[in-house]
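The next part holds the structures, each set out as C-alpha cells.
Here come two complexes built around chain A, the first alongside chain B, the second alongside chain C.
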Partner chain A sequence: MYSVFKDFSTFKRNKMELKDKLLSSYVAFENRVDTNSDVHEIRSQALENFEELGFPTRKLEAWKYTSLNTVLKQDYSLFPNTERAIELVDVKQYFIHEIDSYKVVFIDGKYSSFLSQTTHEHYDVCLMSSALSNAKYKPVIDKYFNKIAKQDNLTSLNTAFAVEGAYIHIPKNTEVKKPIQIINFTTGSEAATMVQPRNLVVVGENAHVQIIERHQSLTSNAVLTNVVTEIFADKAANIDYYKIQDDEITASLVDNSYIEQQSNSVVSVHTFSFGGNITRNNLNFYQKGEHIDSILKGITIIEGKQHVDHHTLVHHIEPNCESHQDYKGIYDERSTGVFNGKVIVEKEAQKTNAYQQNNNVLVSDKATINAKPQLEIFADDVKCSHGCTIGQLDEDALFYMQQRGIPQKEGRALLMFAFANTVLESVRIPEVKQRITKLIANKLNVNIGFDL
Partner chain B sequence: MLKIENLNAEIDGKAILKGLNLEVNPGEVHAIMGPNGAGKSTMANVIAGKEEYEVTAGTIELNGEDISELAPEERAHNGVFLSFQYPVEIPGVSVTNFIKTAINESRKAQGLEEMPAKDMLKKIREKSELLEIDRKFLGRSLNEGFSGGEKKRNEIFQMAMLEPKLAILDETDSGLDIDALRIVANGVNKLKSKDNAVIVITHYQRLLDYIVPDFVHVLHDGKIVKTGDASLALELEAKGYDWIKQELV
Partner chain C sequence: MSKYTEDDLREELKTKEYEYGFYTDIESETFAKGLNEDVVRAISKKKNEPEWMTEWRLEAFRVWSKMEEPEWANVTYKKPNFQEIAYYSAPKQKPKLDSLDEVDPDLLETFKKLGISIDEQKKLANVAVDIVMDSVSVATTFKKTLAEKGIIFMPISEAIQEHPELVKKYIGSVVPITDNFYAALNSAVFSDGSFCYIPKGVRCPMELSTYFRINEGGTGQFERTLVVADKGSYVSYLEGCTAPQRDENQLHAAVVELIALDDAEIKYSTVQNWFPGDEAGKGGVYNFVTKRGLCENNAKISWTQVETGSAITWKYPSCILKGNNSVGEFYSIAVTNNYQQADTGTKMIHLGKNTKSTIISKGISAGKSQNSYRGLVQINARAENARNFSQCDSLLMGNECGAHTFPYIEAKNKSAQIEHEATTSKIGEDQLFYCNQRGIDTEKAIALIVNGFSKEVLNKLPMEFAVEAQKLLEISLEGSVG
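On to the complex of A and B.
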C-alpha cells in the first residue's frame, strides 16, 4: 500500500519577481502606446538594457550602502487602474499654495486636469504624453528625450515605460512669471503601487524658470517611485529647482535627475529629504560650456529606520566653471544616511572651482552616515575643496541655551536648525523657505519660529 | 532668596564642593573669591544645574523651594541667571533671535503669551543702549567671532533682557579692558534692585571697585572659609590667600 502524499508546494503560488513581472507586462504596456514611433525604439532599447542589468544590488559600488531588496519584494501594481477622485482640500497642504503657480499634477501616474494648471502661452508647461504623441513637439523630443539620461539599470527601466510626466519647454529670452509645481500623488488604490514619472525640462537661451517637485503618497500602502528628469539649460539660462521629499514611511523614491548646462548658465537644485522609506537621489550635472555655475544643496532630517542616499555627480568638462555643493544631514534613532559626492574635472577644464561640503549630525548613537567624497581631477590649475564632518550636538551650547530658559528639546531644535540653515539661505522663493522651515519645525517636533 | 546648605558636589567621581553654605538675601551683592581650583565655577554651574556635576549631599533653595532636582531651564524660569566665564558660540543663531527665543520660552513656561514684537524691540533697544552695544552687533551669530569683551558684554545684555532674580557673574571681569569693565559694572548696578541679588565670582578686587559687595566670601577647597565685608577683598588683594590657608591650620 502506498500512502498518498500530496505535494503541497506545487500549490503554493510563486509570487513573481518584480523584474519578471515588469518584463512580462511589457506587452500589455505596448497595447497602450504608439509602438510605431522613434520614442518606442528608445523604450524597447531601454527595456533590453534593463533586462540585462536588472535591479541594482549592493554588489554595485554605487549601491553599496543602499539595498532595495525589501522594497522590491512588494507585489506592485504597475498600471494602477482605478483613478480615485481627490478633493483639493485633502491635498492642498502638499502644494506651496501660498503662491500663484503653474501646476502639473498626476494621480497614480495619470494626469489630473482638475488639480493642474498648465499653459501653452509663451511657453509649454504641459504633459509628456502629449509631447510624445503630438507631431508639433517632435523636434524637441528628438533633440532632447533620453539624451543625457544614463543607460543604467533604473533609468533604463523608467525609459522603457516612459509615457507620462511633466513637459516644460521655455523658449529663449523668456522669464516664466510664476513657479511651476510638479506633483505626483499616489492614492493607494492598490495594495502596492509602482509609478515611473518621466519629466523633460528644456530651457532656452537666457530663459528663466523655477520648479518645485514633489512625490506624495496619500495612504500607508506601499509605493515605489522611480522618476527620471532630464533638464537642459541653454546658454545663460537660469533654472532654480526644488525637490521636497517628505513622504509616508511606506513610500520609497528613486530620483534620477540629469542636468546638462551650456555656457554661462546657472542651475541650482535644492533637495529637502525629510523621509519616506528609502530615498535615493541620483543628481547628475554635466557642464558643456564655459562660465557655468552648478549649485547642489540639500537638507536631510530623518529618524526611525528611514534611509536617505544622495549620490551627486558634477562633471566639469570645459574650463572656467564652478560647482557648489552643500549637504547637511541630521540623523536620529536608527536612520541611515549616505552621501556620495563625485566631482570629475577633465584635463581641459582648467580654472575650475569646485566646492563640496557635507556636514552631518548624528543625534542618536544608533544612527549611521556613510560619507564618501570622490574627486577625480585631471586638470592642474583648479580649485577643488571638499569637507566632511560628522558630529554630535554641542552639549555645552545646549546647557548655555537651557541656562537662558530654552528647554532642551527646543534648544536642540534651534541648534539643528541653525546647522541646516546655510542651505536655506539660498532658497529664492520665500514661500518655499517658509514651508521648509515649518516642515523642519514639525520634523523636530517643536513649535518655534526659527526666524534666525 | 538663595539658601545653600552643606552642598557637596562632584564631577567624574572627584569631589569639588565639600559642605558649602551660603545665604543670599534680596538686594544683596555677594562676592566669591578664592584661589584657582577652589570650586568657584563649580558652585556657579551647580546652582545653574549643569548635569555633569552630581550633587551628593546638601540642598539649594531658591525662595524656599529646593531647586537641586530641577532642569537648568526650570531654574532659569525661576529666576537664576549665570553669566558664563566662557560663553558658548552658537553659529547660525543671531543675538536678537536667541534672546527672543529665551524670553518667549520663559514666558511660555509661566503661562504667558509671547512678548509682542513691538515691546521686544523696544526692550532690546533700551538694554543695548544701556550696555553700549551697537545694533549691528545684535544681528551677528551669538558669540561667534566675538572678542572676549564683546562676549561678556553680551552676557550682561542678556541678563538685562531676562531680568533674573539671582544673577551669578562668573569671572565676568576677565578679559575686559577698563572701559568695558566700567560699562559692564554700570549695567549690573543699574539692574540691581531691592528685589534681586547678585553673586560676583572674581579673582580680582578691581571689579569690586565698581560693583560694591555687601559680603565677601573666600572659597577654599570646596567650602567657604571666611566671610567679611568689602574690606576683605582689599586685604586679599594685598596679601594673597596664603594667610587664610594658614589661619585654617
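On to the complex of A and C.
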C-alpha cells in the first residue's frame, strides 16, 4: 500500500508533505513493532483514519482560530536515530525536584531509565511499550487502550504510531504515596523533531493519584509534540492532574486528553500555559456515572507571537453531576488566545450543575483573544452558566498601589497574580504551586516572593 | 470571462427557453416554478425596472448559482428544491370571502386570542377588504402625513422607479449580493418590499409598519427592505408576520438593510409568527433572513425581535458599528415548541472608537424543539474603548427540547471590555405551586412566568406590539405543559 523506504534519513533530502511522510514511514515503523497484535490492528485502523482526514485546517469549526500550517511546514524527523544522554544536572530545573516523586522520563520519545524512577510495587507506574508487549498487561490494554480517544485526525495519527509513553495503573483502594511526574524531553539532535507520546492512566475504585506532566525541548530546534492521554477514573477515584507547558518558543504542542469518570469520582486538570509556539489543548471529559465532579482550570500567560488554544468538552451524560471550569488568560504583545469551552448536557442528565468561567486580559493592542463558550443543553432541570469577559487591569487599583510606593511593573504583576489566583488556589501540591508562582513571576519579569 | 453584451444575453435567453422546455408568461400573475436567468429577467421586466436593476439582479443570480447552501447552522431540515418554487406572484387571484363566517374557525380563534380588531381580522382573513396582501406591499394610509415631512415610505418597486438614485446608492451596500446564499437568492428574485428614507433631522412622527403575509401556496416570499435614516433623523419601524396554516414547506428569504447616517437612530422591531408546522412537525415555513444595519458616527440601531413561528428560523440581525460612538442593540425572544428549530442571534462588529453594543437574548424551548443562540462580538484593532454586554438566558420546558449557545467573541483591542453571561433554567415547581395556591391555573401561571422572563425584551417593543407579542407567547406555548 505504501512505498517502502529502507532508510529513513533519505526523507530529509526529498522534502515532502508531512502527511505523506508520515504515511510512508508507517511501513518502517511496522518493522520495529509486533504487527501480529490486537493493538497493531488498532494502529492500522487509525492510520487509515488519518489518511482520510489529514491534518486539521481552519475550515473545520474546531480549528477556526488555530492554524497549524506554519508548524506543519517543518521537515520533521519522525524517529530520531541518535541517542543522547542527558545529565540530571542539566534538566533538574524541569522537574519539581523539591518533592520525592515517581518519574517516567522520555528523551526524544525513548525511555530514559537513568532519569526515571518507576515502580511495580502495589501499583504500576511504568512504560506503555512494556504494557503493550507484555502479556501480563493485556487485559488492561484490551479494556482501556484507545477506548475513549476520539477518532479525530490528530488523535488517530497518535494512535497509529502509539508505542511509547507512560502507563499508570492504580488498583482499587490504593493511595499513591508520592506524585508521578511524566516528562518528555526533546534534545534537538535533528533540525526538527516530531514526537507522539501515548499515555494511559487507569485508576481503580477509591484510589488516589497525583500526576504532573511536562513536555520540554532542550534546544531551539523545532519540535512538534502530538500527545494523547487517556485517563479512566473508576468509582470514587480521585485524580489530580497538572500540565505544565513552559516550553521553548520553537516547540509546538497538541495535547489531546480524554477522561472517563465513573460515579462519585473527582478528576481535576490544571493546565498552565506559559511557553511554546502554538499550544493546543483538547481536554475532554465524559461523565459516565452519577455524583461526578470534573474540574478544569487553566492559567495562560503568553507574549510575542505565541498562540494558546484551549478546547474543552464536558459531556454530562448521567444525572447529579457537576463540572467547574475556570480559565484565566493574560495576553501581551502579538499573542493570540483561544478558548472554546463546550458543555453538553444530555436529556437524562437532570440536576446537572455546570459552571464555566473564562476571563481574559489583553495587555497589548496587538494581542487577540477569541472566545467561544458553548452550551448544548437537552435537560430542563439543570443549572448551567457560563461567563466570559475580556478587559484590562484596573487602572485605579494600579494608581492606588503606585501612590503607596509599589512600582508600576510590580503593581501590574500583583494585579495579575490576584487575577489568576482562583486557579492557583486549588493546586493541592504546595511545591507545584510555588513553582507556578515562580514561573509567573519570571514571565512577568518581576521578583516578588510569595511565602506559602 | 468574456463580457456579456445585451445581445449575447438575449440570444442565450432564447435558446435556454427551448433547452428546458420552459416558458415564462410575463402576463401571468404567478410564474411557473423554477429559477433561471429568464425568470430573473422576467421578474425585473414585470416590475418595469430600469436596466441597472436588471443587471444587478442577474449578477446576484450568477453569484447565487455558484454558491452552496450553508450547513453550519444547528438545524436539520429537508432542503428546499429551488427549482420547485414559483418566484413571483401577485395577490389578485385569491378567492375573496363575503363574511367572516366563511373563514376557518381556527384562524378566527387565533385572531381573537391576539386581540385583533374585527376590521383587521377581515383584512387578515382576506374577507372582501380591498387591500392586497401578498408580496406586493400594502398601501400605506399615512402616506400624505409622511410626505409633508419629506419622508419616503413606499414599496421598493415604486422606489426603484421614483427614487432610483437613493435605491441605487444604498441597495446592497450593507448586505452585498455576495454576502450569503440566501441574500444572493433574494437579491436576484425579490418581488417587493419596503423602502423608507428619513430626511436630515426629521423625527418620524409615527411607527412605520408593514405586514407581510404568505398567502398563496407554493410561493416563495422574498422581500427586500431598505431603511435609510439620514443625518440626525429618527425612525421606528415595525415588521409583523402572521401566516395562515399551510401544508407544504414555504421558503422565506428576506433581506433587510438599515443605514443610519451620522447621529441617526433606527429602531427596528419584528414580531414573527410564520406557520410553525403542525404538532407533528409537518409543514411550516423556512425562515432564512439576512438583516444587517450600518451605523455611522453617533448613530444607533436597535433590533428587537419576537420569534414565535417558522419551522426553521435562521436569522442574525447584525450591526456594523462603523462610526465612532455608535451604538448597536439587540433584544430577542425566540420561542420554539413542538418540532420547531431556531438558530438565531446577532453579530456586533465594532470598527469605530467608543462603540457600544448590548445583546439580550431570551430563548424558550418547549416540546421537541431546538433553540440556539449564535452570536458574534468582534472588536477590531482600531475600535478603542469598545464595550459589549451580552446576556443569553434559556428557559427549558420538558426534557425533550434543547437549548444551545454558540457565542463567538473576538477581541483585537486591549481597551475592549466584553462581558458575556449565559444561564439555563426551568420553571420552578415552587413558582407554579405558588401561583396554583392563589387560584391561577398552571397554564396561566406559565404564561405569567414566561412573561416575566421575557420582560426585558418585551419592554423594548412599541406599545401595541408588546401587547400582541405577549399574547403570542402564550399561544405559542399552549399545551406545552406536561
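Basically, the second predicted complex is superposed on the first by the 435 of 452 C-alpha atoms of A that agree within 3 Å, B and C clash if a C-alpha of one lies under 4 Å from a C-alpha of the other, contacts with A are read in each partner's own complex, and residues count from 1 in each chain.
One rule holds for everything that comes next: a residue touches a chain if its C-beta (ideal position, glycine included) is under 8 Å from a C-beta of that chain, and two chains touch if they have at least 3 such contacts.
The shown structure was predicted, so the numbers you read here are calculated from the model rather than taken from an experiment.
**Q** Based on the superposed arrangement around chain A, label chain B with chain C as either clash or fit.
**A** In the arrangement built by aligning on chain A, the partners chain C and chain B fit side by side.
**Q** Please tell me which partner, chain B or chain C, touches more residues of chain A.
**A** In the superposed model, C touches more residues of chain A.
**Q** Contact-wise, after the overlay, does A:Leu415 reach chain B, chain C, both or neither (first, second, both, neither)?
**A** Touch status of A:Leu415: first partner only.
**Q** So, does A:Gly391 touch the first partner chain B, the second partner chain C, both, or neither?
**A** second
**Q** Is A:Ile406 contacted by the first partner chain B, the second partner chain C, both or neither?
**A** So A:Ile406 only meets chain B here.
**Q** To the nearest 10 degrees, give me the chain B-chain A-chain C angle using C-alpha centres.
**A** For this superposition the angle at chain A equals 80 degrees.
**Q** Answer with first, second, both or neither: which of chain B and chain C does A:Phe114 touch in the superposed model?
**A** neither
**Q** In the superposition described above, what is the shortest C-alpha distance between chain B and chain C in Å? Please give a whole number.
**A** Result, nearest C-alpha distance in the overlay: 16 Å.
**Q** Starting from the residues of chain A touching chain B, keep only those that also touch chain C in the other complex, and list them.
**A** After superposing on chain A, no chain A residue contacts both chain B and chain C.
**Q** Which part of chain A faces chain B closely enough to touch in the complex?
**A** 394, 396-397, 399-408, 410-411, 414-415, 417-419, 421-422, 448, 451-452
**Q** For the complex, give me every residue of chain A touching chain C.
**A** Checking each residue of chain A against chain C gives 61, 347-348, 350, 360, 362-392.
**Q** Can you list the chain C residues touching chain A in their complex?
**A** Within the complex, chain C touches chain A at residues 72, 379, 381, 394, 396-426.
**Q** Give the list of chain B residues in touch with chain A in this complex.
**A** Checking each residue of chain B against chain A gives 48-51, 71-73, 75-77, 80-82, 84, 87-94, 97-99, 101-103, 105-106, 109, 158, 162.
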